[in-house]
Every structure is written in structure tokens, then in C-alpha cells.
Amino acid sequence: MIAINTREKALSKVTTLEEALKYINDGTVLMYGGFGGIGNPPTLIEGILQKGVKDLVLIGNDTAFPDVGIGRLITAGRVRKIITSHVGSNPVTGQLMHSGKLEVEFSPQGTLAERIRAGGMGLGGILTDVGIGTVAENGKQKIKINGKEYLVETALTAEVAIVHADKADPFGNLTYIRSGRNFSPLVAMAADITIAEADEIVSLGSLDPECIVTPGVYVNMVIPSQGVNWKWPWEEIKGSS
Amino acid sequence: MAVGRDKRQLIAGRAAQELKNGMIVNLGIGIPTLVADYVPDGVHVVFQAENGILGYGKSPRAGEEDPFLCNAGGLPVTLTDEASYFDSTIAFGMIRRGLLDLTILGALQVSQKGDLANWIVPGKRVPGMGGAIDLAQKAKKVVAVTRHVARDGSPKILPECTYPLTTRQAVNLIITDMAVIEVTDAGLVLKEVAKEHTVDDVVRATAAPLIIPDQVEEF
Amino acid sequence: MIAINTREKALSKVTTLEEALKYINDGTVLMYGGFGGIGNPPTLIEGILQKGVKDLVLIGNDTAFPDVGIGRLITAGRVRKIITSHVGSNPVTGQLMHSGKLEVEFSPQGTLAERIRAGGMGLGGILTDVGIGTVAENGKQKIKINGKEYLVETALTAEVAIVHADKADPFGNLTYIRSGRNFSPLVAMAADITIAEADEIVSLGSLDPECIVTPGVYVNMVIPSQGVNWKWPWEEIKGSS
Amino acid sequence: MAVGRDKRQLIAGRAAQELKNGMIVNLGIGIPTLVADYVPDGVHVVFQAENGILGYGKSPRAGEEDPFLCNAGGLPVTLTDEASYFDSTIAFGMIRRGLLDLTILGALQVSQKGDLANWIVPGKRVPGMGGAIDLAQKAKKVVAVTRHVARDGSPKILPECTYPLTTRQAVNLIITDMAVIEVTDAGLVLKEVAKEHTVDDVVRATAAPLIIPDQVEEF
């Protein structure tokens, strides 16, 4: 048992919110897991708000809802630019975009997912025919393979990635929460520093190696999650319809 | 953009008739989401959500929602027995590889060639293309569901779309609160008309030319 | 319970070896899971040998050992061409290659994995700098992104893929066996027809959706496995050293 | 290509001294594989295998082998507590992204610039490059382990490799049964000599010029 505890200590990345927030500062390029708010890490987002960080460059699937998840950073005016696929659920994003206060760059959703993964995999990018013949092809290199045309979609990386895990062990092995997985394992691979907040931090050796979604090598810091601190839109609609 | 509850349910119910045994089906945000609650008895389809679920079912009962089990529109769902979770690259890998038998998508505009516009109203609403380009371009069958006319009464089924396109020649079938229209090489064919309307109503509310067969069903 | 059984029946892909072998014929382009034999599907390989199939075009990581796994097809002279990354453990492959009886095309291992995945994902290919300045770049298109050079590595697909699963449910959801995972989930996505042999076929709903590695949509046929019918090289070395 | 058991163990044992706490380490096929059994007490490293394991340990005891738990060389291993399994794209994603602190690889030839040749003997042995190109090009530190000379006595540490290269300027340290040699911008520096040999022995067995510091350690 002493040997195990020694190894757990030697490999541990468990730290505090305060320590983790040292890596997220004005202007940081920040990737986040989550889809419609589910998988956005609540404790880290609250921490970023409290710390007063601004001018963030975000990369992630969507901007959730105005008072939910990553949307809270948009609403609070902390974001300078975002690379995303869909902002329809958050009208504040659209307003800031139209008033010139927020730069928004769109990718088709599957392409965005692959661009982030490519960054995480150390690839230069991927070739896809999705979006050919639409505005999604504007400004992109094209290449022909066996006579068929593909867009060159370049890899995306970030300085920091934040994710909401279900369980984490001290080495940073992660599992996610049902549909909270979505972009999380992708952004976890694509940043220089990956911070996971976990609903449960378990001892080394207690996760099933067959079921780990993000291997610990990708994770730099693990902090405990305080849990979701917002109301989901469907909770508010309930009873009112 | 809200349509009356009855019209939304009418459209969703009719769209659900397109579901066939064994199909892998993706439902877009909005009206398409409702289709999961209208699967005909005895029909077994597998719903895929681009946020990383293959195998979800009806909406949960009030009070039984799981906040971490939602479809791509952010609404709670339930799982079916064949369910699996995966990341968004796998979700879109399935789509891009052509494994979706059917996608049911909302539409801002549809052209007579089946061009689909559903991601931006220039200068007004910019939701972003989300997964619509991937889905519309790659699913084996694309059904567009929409109110037949826009809120101001202007037609949404047009000779050419005026909004930026999601995908060219993508839509196979259009289902609205007034009609079911098939996109064919010859043009738009009126297949069915809603009980509340006549063929003439539909023709007047449609800017694109319609081919009217001898037999038009009622729904 | 009746409802569940009806659904299980409606979605079931469980079939026989005989039925599965109908899709593997002379000249078939065949991908296989496995690494050093671990993950090569024993029952399907035995079936291919028994059926007398020849002129196969194989795509997979390596050629195992002469009497192990996919190596048995090489040794029996059933393979015309192979796209692979390493054949060092199977000297028969090298002999057939030098005598002109077997065409061998090499990719760096990580690149091969990505090319197969790209095929499965419906991508045209990926961009990588691995192999630049070596023979691995011969004959390949290059592309520059922000001044940095990448090789264009094209997607690979196959007519049929065969994998060895641990558990399968009737819909074709799969888990794998420890280090038997390797290329298996990649080839399972990249073929027109994917056939899984499983050590255990379990009822619909009994696999944990968080732990499924290959979602059933990728699998066309599930057959029961007879288990490994070869000796591993380390078993033969044991005691002799 | 077999070297005597003692020499193999000697090389592996010395290579294990390069392991530092917390390192992520990949071991190539052959002699490098043996390093997992020589991790110094109190040093905690995480071994990665390109067939999809992060976190394996020593060889199992005879009779306790798991045929489905092997390293990339096909030899049975045991798991450590931080272990996870993944597919080969993830295994090589880690490598390509530069997350491997150290890789220990076998070598056919190493040049004085650190060029590595270890995948083909033209006209004779064609194992294929496997994962060596990925590893040699992307790991933060590359240690080449090899017999100092080939079976026919010819040197393997050369001014230029004559076999096709795996990667240019990849190797940082060469560990053989005779010596430990560092690859520096100034050239090859002899750091250590095996007990059984003298500096002159090493110089004679090395075709590339060696820089001999005042102090050469023994190992």
C-alpha cells in the first residue's frame, strides 16, 4: 500500500481552483468542452468570472445560453473572439457580433470537431468535402485527390483547455457524463495546459482502463467540481407552457 | 419563429411517417426534435444526436429529466437499449461517412431544386451552420420541415433561395403545416395536402412552381 | 419484455460464420484489426483459409507471426498485396516480398492509423509532418500551412473489415480485449461491410453506453468467436531460454 | 541480430538510468523492451505502448501472462494503476503531439549528427518503419540502444548512415554494450565506458569521430 500511495503521489495532478486559474489570463486562447452547456465546466467558468479575466479567445462548439455555462463569459463581455459552429441558443452572442464587440468565426460542426482533434493529434489538418459550394469554403485552400476536390481544414490548438469530467483519478484519467462528453475529449488533447474539473476524484487504480475516455497524459491539472450552478432552459420552460 | 403548437405537432407527426424499421435517423433542432415522440408503433429506428448519442428515445416524463442526457437541441431525452455515447468527431464521422439513413432538418428556405438555407438570416439572425451542412450534404435522405410561409406571410419554398445556402440540392422531401412536397428532377411534386387546406391554398403559398399529380393525398 | 425482444430482433445483426464469409472472396480488399496478432479475429481467419479465398488485398498494422493470426493468410499464400507499417515479426512476408509474390506498401504506423480512421470518418485524408525527409514522403503531395510543410496522406477504405471483439450486443456495439483494441475500432469504421467476431454476444441493453468503443452503426454482422487457435510466440519461447 | 543475454541486460540496465520521475516513456522492440524490468527503485515513470496502453509495468511471472495484454513487441506485460487502453490513433496522437518525454529505440546505424537508421537493411531485411519514424521524430528525448558493432564486427556508429534513414538528427544519446555517447552540436561526446572496455576500445569500434572529455565515467 505504501508503494501505491507513493506512486499516486508521484503522478498526482490534483490541485486547487486558484492554482488552475493562474493559467487563464487576459487574452488566453481557451478551448472548452460542452454542447448546449452540457459539459461546460461550471467551477472553472465561475472562477474565470470571479477573477475578472477578459479579452478571451474561445474555441468550442457553441455559446450555450446567456446564463448557462460558457454563455456566462459571453454575457459578461469577457470574450474578444470565438471560433465556433453554432450560436443560435445564445442571442447575446449574435448581438455582440452585430455590434462589432465580438468576432465570430464559424466552422461546420463536424469540421470544427476534426480541426480540434487534428490539433490534439499533432496533425496539420484534415481534408473534407463538407461545405464545398457554400460559404464554408471561403478563403480555404483546396486540394485534389484522385480528381475529387477537398477543402484543407487546418488544425486548431489552444493555450488552455477546460473540461467537466465525471470521474478523474490523480494521474488525470477522465470519464465524462453521458452527453457531456461531446467536444470534451477533443479539447482536452488540443491545449498546452488542460484543466479538468471532476464531480468525483477517485484513487489511482480505481477506474476501469477499458472505460477511460481521456488518458491522463493529456491532463495537466485536476480540481474538484462544485457542480452546475445555473438553471437549464428546459427547467425554466417547465410549467410555463 | 415559433409556429403554433398544433402546427408544430402536425408537422412532426407527419414527418414521423417517414421513419422505417432499422433506420439511423438524425433530428435537427426545433420542430424535428418533436419527431422522437411520434415514432409509429412497431417501428424501430435508432436516433443519433450530433452531441454524441446513438440510441435515444422519447422525452422523459416531467421530473425525470437528466440534465446530462440531452439531444443536440439541449432538450432532455431518454436512452434506448442499443445506446452508446461518443465524442463529436465520431458523431460527425457517422454523418460524413453516409451512415445516416435520414435526417429531418428545419428550414428557413428551400428552393425548387432542393437547395437548403437554414443557418443565417443575413443582417439579422446568425445561428451558425452547426451540424446542418454536414447533415444536409451527407445523409441518404433529407427531409426539410418548416412552416409553409414565414411569419410575415412570405413564401419559404422558392425558385431560388435568397439566404446563404447550407447545401445545394440536398432536400428530398418538404413537410409543412400545409403540404408534403417531393423534390424530383422534374421539379417540386405536391404529394399531400393538410386537411385544413386545398391544393389552391398550397399553390398560392408556394413561390416555386408545383407539379400537381392527378391524385393528391390528404394528411 | 416483449417490446424489448421485438426491438432486439428488429435491430439484430447476429449471423453465422458461413453467412459472413459470403462477403470475403478472391480479390476482396480486407482490413483487419490487430497488432502483433492480438486482435486478429481467429474464427474469421480460419474461415477464410477453409473457404480457399485468394488474391486478398490486406490493410492492417502488421502481419503478425507466420503461424499466428493474419500471418496465417500470408503463409498460406492467399494475399496479393498489403498496406501495412511493420512486417518484422513475420519473416515469410519479407520472403514473399523479395521473391515478388507479395506487394508491400509501407506507411509510418501513426500515419497508417490516421489514414484508416480518415477513411472511416469520410475524410479525404490528413496532413502530417511525420516522415518528411525520409522515404516515407516519396510520391506524396505536399502542402504548406503557415509556411510549414506537410505531407498529404490519403484516406484508406476497404470492402470488408474483420475484428475480434470482447463483447458484442445484437446491434453491433463492441468492446475490445485490452491491448487487442489497437487498430480494431479504426478498421471497423472504414469498410463497407464490417464483421465482428465476439467472445461473448450479450443481450441488447446490457453494455454500458459509456464504455462501448465501436457504436453499432459501424457493424454489419456479428458472429460468435471460437477463440484463438494458435500458440503465441512467447508461449513457445517459454522454458526454451 | 541477437546479442548475448548479458550484453542485452547491460544495455537495458544502463538505459533505465535515463528514467526520471513522472516521465512518459515509450520502449521500442528488442533490447528497449527489457528496460521496463530495470526501473530504479523510487522512480515512477509511465510506459506507453503504441498498440494502445498507457501505464504498463514489469513482465508478468511465468504462468501469469495475459495473451491480450502485450507491449508493441508482442511480449506480455503487467498493468500499473494509472493504466488506460486506447486505439492506435490515440497512441500515435500522444507521440505526434510531443507528449512522450523519452523514447528508447533500437538502431541499425546512428550517425554522428544523430541520424537514425533502424527500419530496413536494403536487399535483406525489411521490417518496415512501424512506429519508429513517429517516435524518433517526435519524442522529446531519443535514446538509441544497440550493440556497439554489427555481428560481422563492422561499426554501427558512423559519420553518415548507409541504410535508409528513419529520422534525421533524432538521437540524443547512444547506449551500447561498450559506451554511452551523447550527440551534441559539436559532435559525439564519449560520456561513459563499460567496465570491460577502455576508451581506446571504444574509439576503435566507432567509425564516427568521438570527442573524449577529460573525465569519462565507468558503467
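Remarks
Chains here go by letter, A, B, C and D, matching the order in which they are written, and residues are numbered from 1 within each.
Throughout what follows, a residue touches a chain if its C-beta (ideal position, glycine included) is under 8 Å from a C-beta of that chain, and two chains touch if they have at least 3 such contacts.
Just so you know, these numbers come straight off a predicted model, no measurement behind them.
Looking at subunit A and subunit B, the chains in contact with each of them are C. A count of C-beta contacts for the chain pairs C-D and A-D puts C-D on top. Centre-to-centre separation between subunit B and subunit D, using Cα means, comes to 57 Å. Distance between subunit C and subunit D, defined via averaged C-alpha coordinates, is recorded as 29 Å.
Measuring from the averaged C-alpha position of subunit B to that of subunit C gives a distance of 36 Å.
Counting partner chains per residue, subunit D shows two or more touched chains at residues 85-86, 89, 92-93, 95-96, 138. Residues of subunit C in contact with two or more other chains: 114, 121-123, 128-129, 176, 178, 209-210. If you draw each protein chain as a dot and join the dots that touch, the picture is not a line, a loop, a star, or fully joined; it has some other shape. By the definition of touch given earlier, these chain pairs are in contact: A-B, A-C, A-D, B-C, C-D.
Subunit C makes touch with subunit A in their complex at residues 114, 118, 121-129, 141, 143, 145-146, 148, 150, 152, 154-155, 175-176, 178, 208-211.
Of all residues in subunit D, only 21-22, 24, 42, 44, 46, 48, 54-55, 79-86, 89-90, 92-99, 138 touch subunit A in the complex they form. The touching residues of subunit A, when paired with subunit D in their complex, are 4, 6-8, 10-11, 120-123, 169, 171, 173, 189, 204-205, 207, 209-210, 212, 215-218. Touching subunit A in their complex are the following residues of subunit B: 29, 49-53, 62, 65-76, 85-89, 91-93, 95-96, 123, 125-131, 133-134, 137-138, 164-168.
Every residue of subunit A that touches subunit B in the complex is listed here, in rising order: 35-38, 61-62, 65, 84-89, 94, 97-98, 104, 106, 108-111, 113-114, 117, 128-131, 133-136, 176-186, 213, 228, 232-235, 238.
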